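Two complexes, one shared chain (chain A), two partners (chain B, chain C).
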Partner chain A sequence: MQPPAEHVHWLFATGVLLLGLCLLAEGVVGTEIWRRRAWRAYLWPGLAFTLGVLMWPVMTFYTNSTIHMLAHGAWAEMLMLAGAVELALVRGKLHSQAWRLTMAAALVVSGLAFLVHEQNSWFFQRSSFLHHLMGWTLLFAAVFPLVRSVRPRSQTAVIGFALTFVVIAVFLYCDRDVAPVFGHISPLAGAPHR
Partner chain B sequence: MRRALLVATVCVLALPAQAFAHATLERTSPGFEQRLPVSPRTVTLHFDQYIERLPHAIRLYSARGELAVPRIRDKGRDLVATVPQLRAGGYTIRWHALSGDGHVVSGVFTFGVRAKAPAPTAAFGASGPTRTEDVVRWLYFLSLALLVGGLGFRLLVARRPLPGRFFAIVGFGAFATLNVGIAGFLLRAEDALQLPFGRLLYGDLSPIVRTRFGTAFIAMTLGFAAVAALVFLAWLTDRDVFLWPAFLVGLGFASGLSLSGHSAADAGSSWTSELADWAHLSAAILWIGGLLQLVAVVWPLLPEARRATLLAFSRLATVCVGVLLAAGVYLSILRLPQLDDLWTTGYGQILLVKISLVALAFAWGGLHQLRAVPVVARGGTLPRLRASIAGESMVGMIVLLVAAILVNANPPH
Partner chain C sequence: MNAELVSELEVPRQRTARARVVSAVGPLTALAGAIWAIAQPYRLTVLHPHGQGFWWLFVEPPLLVIAVGLFFYFAVVPGLLDDLEDARAASR
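Let's turn to the complex of A and B:
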């Protein structure tokens, strides 16, 4: 009944990639041009919020361990929270740029969730390596929304923030052992069963 | 340097992975909660990857205690235990194995031989709900009151936009409902698995998820995540159109507690007991959630709306009290058919405490209805009315605490 875990990873990787590409497009053409059509302003925050909502079924149905459940719950809440705050900023319900610190906090919590839920060392296996990589990427990337909250027009912060999501999407595509890019089943996992 | 780092990264990504993640139990024989016509010769656990056998990897328990398992062997992805001839009854298997990633994975499941298998939450060794679970259940009730009761107040009583504090309270209720629900589920899993926290992190939750309680947890988590999204959209767009579905979905998914508790699982339960339990819970959260909104939002922030809101709330509260009483009396008779059960059993004694507190809350509410409402209806004011309503809501919250203890207690059979 449930789709294989790798399919779910690819689904979310696609969502995160779209989110990153929207941000990148906004960074390249500039916010003023990007927002000439009002709906575009809601695109990436809405996508983040939707991904957060969609993460809840993952959290509840993939319950093969407690740590999976907790980590996916943390990502669901952080995505919803970060998306909600950005939507509220765009809509004008929130005004202070300090609210952008929420995004920085969400990246830190998400990064920590990656690091805590992966208890093996970097080179233990590919997914371990990628979990560490994603965790540290998110932790370091928290500096971009931090800079945006004090210097909203900083091009480096905008592009860096956008690229964070693009990079995370690529990592997510590669995260499972049957990923199409580097695809194979581990010898320890025995004969392929999918 | 950069190029070397890039090449190294690509190489690591392309290297054969050693394992998928930690081992996951794919299936067992006997199956989870399976009823067998005869004693099994072996118990087999099949994992999704190779595992290593640890000492006492499979432990077998009957209702009387642990039974000796003569032989355990690992065979590829299988862990197989030879078991002695089992008499009719329920049995519990506790297992642990060394996963390919170095983590010890653990779990529990139950089966029955010519008898119904116990639920994993009632597996041998599980001690049942603790005081911590009582507190978590109470917090869950409070969260529901903030969320669903708050929404009900806005739609059925106030019927007008309320200040931002309304959304702050309801939003906090949604956040708390989701997180307290997760905490409650993990506490129950911890008790069933009987594992210290470090090993619980890698404990297999799937048998717990398959129970009535686990199914309710999944449904309620998904339902309240949707409610949280709808509440946020209502705040973002200033449109009531999102509030009604949020309220109805919230009220509907609150039934998860009724569909997985005593009213659904105990002997004598039926759809009427489930319905009565849900009506009882719904009336309580609407009443207490409404009182909190009255005290925290309307009284301090909307003085011009106090009169109309108090009059409308008193009508809703009357309906809630009627439903609470009717459903409560029906459920009490169902669970305690003998009157002396009230003072001779632990469950009955907790119920007596609850009835006393409910009587106090009703008396307090009645006082407001008889003394305060007529004065406010004439346009008058009463000093310290807000404090008095706050006092009533405090008693209501204490009632919820006793209700939480009662829900986790076992009624006499």
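Let's turn to the complex of A and C:
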């Protein structure tokens, strides 16, 4: 009854896409208007925290090597930490904008986890390609929350941060268990299916 | 009959650029999902359900994208547009 690994990626992609759309809407209308309704203010931080919680069963049931397990554990911790800090900022338990650096740290750690745990080259197969791509995307995208913590009104930082999640969702939707990438697949990767 | 009320109702609601962008996000997302479904119909196992397991029928990425777009449009956007309009009215 356990879903195949690629289905788990797609389910997470759905959560990340919703997270990205909420961030995008907040960026467009402004934080003040976005937070006028309490449920909306807590929506995306709560979603990030929930995705972090859900990452733990993925770590437990889907990882087949130590480094793979550590990477999923790092994503779980970072998602929960970033979500919790944003929840505390919304709630007013935390005040300093410097706490937003947590999100930048989360993206850096998540990106590094992608790059470190992928042992194969870019064109080994699609998931290898996507791991490299997501790793570098997250590393570069960490600049958005970094700028946001210094200049909270920077529209470029807010929209860039939101689009990062939309792009990550697209990459996660592209994931397959074994599939070629741009026509390349290593014979060592196994037989592609679907 | 309150003529003033009628004239208020007939006045088309002028939307700001921000309101238009926010209103477009959900439909554009759903449209992307629909285009994906048309481009890769084999991703929709519901079209050929025979012999498919639960997860292959439950998790269909193009439908998930459409669902996110619709959820966003119907659950998040209406309240957001109201608040945007209230803020605009208050600033006048």
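Simple rule for what comes next: the second predicted complex is superposed on the first by the 175 of 194 C-alpha atoms of A that agree within 3 Å, B and C clash if a C-alpha of one lies under 4 Å from a C-alpha of the other, contacts with A are read in each partner's own complex, and residues count from 1 in each chain.
To be clear about the criterion, contacts are C-beta pairs under 8 Å (C-beta built on N, C-alpha and C of every residue); 3 or more make two chains touch, one makes a residue touch a chain.
Please read all numbers here as calculations on a predicted model, not as lab measurements.
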First (chain B), second (chain C), both or neither touched by A:Thr63: first
Touched partner set for A:Cys22, first chain B, second chain C, both or neither: second
Contacts of A:Phe124 with chain B and chain C, given as first, second, both or neither: first
Partner chain(s) touched by A:Ala84 [first = chain B, second = chain C, both, neither]: first
First (chain B), second (chain C), both or neither touched by A:Arg153: neither
Chain B versus chain C as contact partner of A:His7, first or second or both or neither: second
Contacts of A:His95 with chain B and chain C, given as first, second, both or neither: neither
Chain touching more of chain A, residue-wise (chain B, chain C): B
On chain A, the residue positions that both chain B and chain C contact, one per complex: none
Residues on chain B engaged by chain A in the complex (per definition of touch): 12-22, 24-25, 48-50, 76-77, 100-103, 105, 175, 178-179, 182, 186, 189, 200-206, 208-209, 217-218, 221-222, 225-226, 228-229, 232, 235-237
For the chain A and chain C complex, residues of the former touching the latter: 1, 3-4, 7, 10-11, 13-14, 17-18, 21-22, 24-25, 28-29, 32-34, 36-37, 40, 43, 173, 194
Complex interface listing, chain A residues touching chain B: 49, 53, 56-57, 59-61, 63-67, 69-70, 73, 76-77, 80, 84, 87-88, 91, 93, 119-120, 123-130, 174, 176-177, 181-182, 184, 186-190, 193
Of all residues in chain C, those that touch chain A in their complex: 18, 21-22, 25-26, 29, 42, 54-56, 59, 61, 64-65, 67-69, 71-72, 76-77, 79-80, 83-84, 86-87
